[in-house]
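The first chain written gets the first letter, and so on, giving A, B, C and D; residue counts start at 1 in each chain.
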Amino acid sequence: MVQAINDALRHEMRRDDRVVVLGEDVGKVGGVFRVTQGLWDEFGDDRVVDTPLSEGGIVGAAIGMALYGLVPVPEIQFSDFIYPAYDQIVSELAKLRWRSGGEYPAKMVVRTPVGGGIRGGLYHSQSPESLFIHVAGLKVVCPSNPQDAKGLLIASIRDPDPVLFFEPKRIYRAAKGEVPEGDHTVPIGKAAVVREGRHVTVLAWGAMLYEAVAAADEAKKQGIECEIVDLRTLWPVDVETLVASVKKTGRMVVVHEAPKTCGFGAELVALVNEKAFEHLEAPPVRVCGFDTPFPYTLEMDYLPLAHRILPAVVATAKY
Amino acid sequence: MVQAINDALRHEMRRDDRVVVLGEDVGKVGGVFRVTQGLWDEFGDDRVVDTPLSEGGIVGAAIGMALYGLVPVPEIQFSDFIYPAYDQIVSELAKLRWRSGGEYPAKMVVRTPVGGGIRGGLYHSQSPESLFIHVAGLKVVCPSNPQDAKGLLIASIRDPDPVLFFEPKRIYRAAKGEVPEGDHTVPIGKAAVVREGRHVTVLAWGAMLYEAVAAADEAKKQGIECEIVDLRTLWPVDVETLVASVKKTGRMVVVHEAPKTCGFGAELVALVNEKAFEHLEAPPVRVCGFDTPFPYTLEMDYLPLAHRILPAVVATAKY
Amino acid sequence: MQPLASSSPPLPLGALRDDGSIDPAHAAALSDELAVALYEHMVLARSLDERLIGLQRDGHIASHASAVGEEAAIVGAAAAMHDDDWVFPSSREFAAALWRGMPLAAYAHHCFGTARDAGKGRNAPDPPFWKAARVVSCSPLVGTQIPHAVGVAWAARLRKADVASLVYFGEGATSSADFHTGLNFAGVTRAPVVALCRNNGWAISTPASRQTASANFAIKAVAYGLRGVRVDGADVVAVLSVVRDARARAAAGLGGTLIEAVIPGVERVDPVARMRTHLEARGSWDAGREARLVTEVRADVERAVAEATGAERPGRETLFDDVYADRTWNLKEQSA
Amino acid sequence: MQPLASSSPPLPLGALRDDGSIDPAHAAALSDELAVALYEHMVLARSLDERLIGLQRDGHIASHASAVGEEAAIVGAAAAMHDDDWVFPSSREFAAALWRGMPLAAYAHHCFGTARDAGKGRNAPDPPFWKAARVVSCSPLVGTQIPHAVGVAWAARLRKADVASLVYFGEGATSSADFHTGLNFAGVTRAPVVALCRNNGWAISTPASRQTASANFAIKAVAYGLRGVRVDGADVVAVLSVVRDARARAAAGLGGTLIEAVIPGVERVDPVARMRTHLEARGSWDAGREARLVTEVRADVERAVAEATGAERPGRETLFDDVYADRTWNLKEQSA
């Protein structure tokens, strides 16, 4: 997936010289995960910029660049470090188009690695997506495979609105797959039904998609057919696809790494209530991170892995 | 309500000399809403401190004070200005007890005016509660009347955990009622059933409680009896009371000022699904702020006032 | 406590002398025409300000960030910038927007939040914005606009355009995180930015002495490798001169400047009266012109206020526009 | 570009001379015993560090923030503080915790995240904390601990206790919002804080020259009305002396100090070897003692590592403790 994201950045930077990459250590070394590797060599100091150590400054300055007409793609080194930029993102970036009556949109794509699974502990593992989905004016994307990563990133860069692009770091290298060469976009706002099934809809994204698939494989052995939806875009979520699926199955399980309470899963449950209440044959279930900080040693107990998803799927199917 | 909060602060500051108030303009002038008026005169410069203009600094320094053993009660002048302190609140304050294995808890109460209704526009009207409820380690309180304001604030100051205390500024002066003198606490984590009813449970808090009541009065004329629950503590929410109510009525409407998507209403709907699914006779409905920033001129169109709650209640009751 | 760095003179620079003459070091580029224009604009700003204070007191507008006594700092700086430059106001700089061409009526529509406001009535009054003149939409959040101004200037530098940015803020804003991160980025990128700190001595009720323990505000430039300058903020000619100089240095690639405009307060020095004294000393002004100006300005202000007072409110459906470039499905549902 | 403020000497202060002797200005309070203890502790830190680098490389621990070459700055500063003082580490200061009495094994349990770790295995390695010695639990987030240290010191001052705090951070942290807000609060409150900036020239791959355009890091003190001092960060005696001085001034109500400890890097100057040269010149050290120390330290490190390697993991149910003082209903449900 690292390569696919790198491809997408390079492709867009070649196509459009307004696209600039900035962040901590994104230059010569190519970022701590090497996602921007080689870009500095090709595009130089003016378009691939190592910044001072301030996430607020990175996003704040990028807003200015965007106002001027550039298309900044700032990187936040880990999404756990996005909070110093939270004010600039929610108070400024998200609201600029609206408060200026459409006259001062600030378009950028904030890329940041998300999620657990690399033994990072409290501060290198978080999944803060719902903290941005709640804020009107932002789009939020999270790919689960290299092809989508490339296509969604290119689409995000071309989209007129600010996009938060969460990259599931657990599968940065693990997720493999063919990536189309050259121009390739995946539309923002469209989920993918990665497996059809009759009994339970399972909603997931990013690294947890693979856990959902693993759980579904097990469930299948018990005769339970899961329909797995990879949301891909978290906001605006593809409500049609997910509602259609729940209408078909009557049952839903949503999986995410972030803590359960006020996580995006709650919104998905509420949406399904609003749009498919009569079709629900079982209570929607959330399989999530616990309502605790993210642990170091007990990381694999914390994550909603297949072994936790499976019983939820089975119970929901049998309800 | 301003007076009740002032009472509570004064009471606790007299009782416990570790309690200190700090923030922008909280001293001699007593804050922009005069909530801390007179405290500086009574307790002096060392316990009622005007700080430099930095919310991050206020909370960050207060964390240090709390580590030392004081009980800081920082004020954030408007909750719209809490984002510069977001990193200190979510990354530090909320996680200190946990990450230190219980050895370094940092106890404080962050007070801040919340909500719309004073013609404040985008940046003097927001309701960011769900952005804190999602973060494990914080308690979140929002009173709807002077008596609760006093009792909950005293309880918050004595509670061992960090509390975000949201004060609905629209009713700072409007909300009246007897306030017990002297020591008076209202337990954290307990909702109040402010009106019993058979047909629909209406969940609300803060300033919107009055809108819920007004809508319920109208609904009554149509023969619909609402059970109104004032949550008072948003987190940990009084799940027993609200689930018991929904089990009784089979129907629920939740009202809040914050934008609908990923607001606390979503969590409440999801919780009720988990705990009272079989009792639900109608889809839970959310009557909320829109998924836009908070407007100036159209403020009263934005807020989920009684005229928007009423049709939701009626439709839910008749479902 | 701290000795001053030599780049930051302890006493603010001034240009206007008590007798109305100008220190020759600053006189060079001030034509009669510009001198009169600066004065007229300050009179307009004052008149409008007083009217808005009244409208706010009577509840016709929700709030107003008065700039009485600060007109010289605001107008002088605005006048020093070029047409292609960008201006980032904090809350008190409506006069800068007007100087750059925002019509009076447009500002009135903004204050009243009418349908004809450029911001579609979404913002509480102040600061206004005016796209045609690159006066940017800023929030009332203290300090957040500083990195934006730096980002614009940086982008201009990367694009090799002769464009600078001017950002205004109060001395309270120097305590904000964004002041620090913004100016630190400015130092590192050598972005052509002029950061104008209006030190009026107060942040609401908090005195400058509780805002920071630094010797003054200009000296904070040292922390970012920027130039720091103190100027008399009630002296429009000095501000004009200092900002022009800062802009020229920035454009020449010499980096940004943090300017502390020290505002004595209108009870101590009225910057408008002071400039009138200068115009009189210069022979460009007399009682007749003054009378005409005052009448004209009042009439202009009343016309603008009248226009906005009666104007239509934005329609409810406008709420849902501009959250995104296109309405998302949830906004379509909610707008129904 | 900026001239230096006079409080911040352009060249870092040093105490140890090339011949192993000490500049008499700094020699006064360094007993033989303390000199040896400092050296022994640096040797321990180095040895442990190298072991942890290996453990990290082999995947036994998830990460390790090495302090090789920075021992003098870390240990010297820790040694200058009093027992009642508080210490806030950034990522590289395990040696400060050990100096203050954290047992080696406790640190090993921390790195391995065992059930016997004071943090119950919740944190990735570094920084460790040790409550008994007021070494505080800090996150690896760059800069966030600075206002905490200021808050502790401020509280102590309000309580009229003779307690100061020492906060460590790298030069990269000076760009953070918390550096600014923290030190600005320190200036205003005259909190007795010693802010020790280890300038090792790099923040990951970013050189100090891209971190800021200021002349140096100590000079940033000027922006906060604090004293700024540069010291040779490979000279444990100089660091000790400067931090002691800063602590004394802070305790006397003279306010905080920002100290820039300039780290040349171990390839240029090895602070451990340098101190050994001093001990030898002083006549307090010889080959025999060196050999014994090395053997002893290795054995201690191995014992600690062995103890932690085999230790139990924390039980799953411990996850749900300490989120709050008491488990809330949702945590009770989730722990079931």
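Operating definition for what follows: contacts are C-beta pairs under 8 Å (C-beta built on N, C-alpha and C of every residue); 3 or more make two chains touch, one makes a residue touch a chain.
Because the structure is a prediction, the values reported are computed rather than measured.
Visitor: Among the remaining chains, which ones contact both subunit A and subunit D?
Guide: B, C
Visitor: Where the centre means the average of the CA atoms, what chain is farthest from subunit D?
Guide: Between subunit D and every other chain, the largest centroid distance is to C.
Visitor: State the pair with the higher C-beta contact count; candidates are B-C and A-C.
Guide: Of the two interfaces, B-C and A-C, more C-beta pairs touch across A-C.
Visitor: Indicate the whole-number Å distance between the mean C-alpha point of subunit B and the mean C-alpha point of subunit C.
Guide: Taking the average C-alpha coordinate of subunit B and of subunit C, the gap between them is 37 Å.
Visitor: Would you mind pulling out the distance in Å between where the CA atoms of subunit C average out and where those of subunit D do?
Guide: The mean C-alpha positions of subunit C and subunit D differ by 44 Å.
Visitor: Centroid of subunit A to centroid of subunit B, CA atoms only: how many Å?
Guide: Centre separation, subunit A to subunit B: 30 Å.
Visitor: Between subunit A and subunit C, what is the separation of their C-alpha centroids in Å?
Guide: The separation of the two C-alpha centroids amounts to 40 Å.
Visitor: Please set out, as single numbers or ranges, the residues of subunit B touching at least two other chains.
Guide: Residue numbers touching two or more other chains: 51-52, 54, 56-57, 80, 84, 87, 91, 95, 98-99, 122-123, 136-137, 235, 261, 290-293.
Visitor: If you look at subunit C, which of its residues touch at least two other chains?
Guide: 122-123, 139, 141, 175, 177-178, 180-181, 184, 188, 210-212, 323, 328, 330
Visitor: Touch graph across the chains, line, ring, star, complete or other?
Guide: If you draw each chain as a dot and join those that touch, every dot ends up joined to every other.
Visitor: Which bits of subunit D are touching subunit C when the two form their complex?
Guide: Residues 1-7, 175, 177-181, 184, 187-188, 190, 210-215, 219-226, 255.
Visitor: Give every residue of subunit B touching subunit C within the complex, in rising order.
Guide: Touch list, subunit B to subunit C: 24-25, 27-29, 32, 50-54, 56-57, 80-81, 84, 118-124, 260-261, 290-293, 295-298, 301-302.
Visitor: In the complex of these two chains, what residues of subunit C are touching subunit A?
Guide: Touching subunit A from subunit C are residues 86, 117-120, 122-123, 129, 131, 136-137, 139, 141, 144, 146-156, 158-159, 165, 177-178, 180-182, 184-185, 188-189, 321-326, 328-330.
Visitor: Contact residues on subunit C for subunit B in the complex?
Guide: Listed in rising order, the residues of subunit C that touch subunit B are 62-63, 113-114, 121-124, 139-143, 172-173, 175-177, 203-206, 210-212, 313-314, 316, 318-320, 323, 328, 330-331, 334.
Visitor: Which of the residues in subunit A come into contact with subunit C in the complex?
Guide: By the definition above, subunit A touches subunit C via 20, 46-47, 51-52, 54, 56-57, 60-70, 84, 87-88, 91-92, 95-105, 136-137, 139, 160-161, 189, 235-236, 239.
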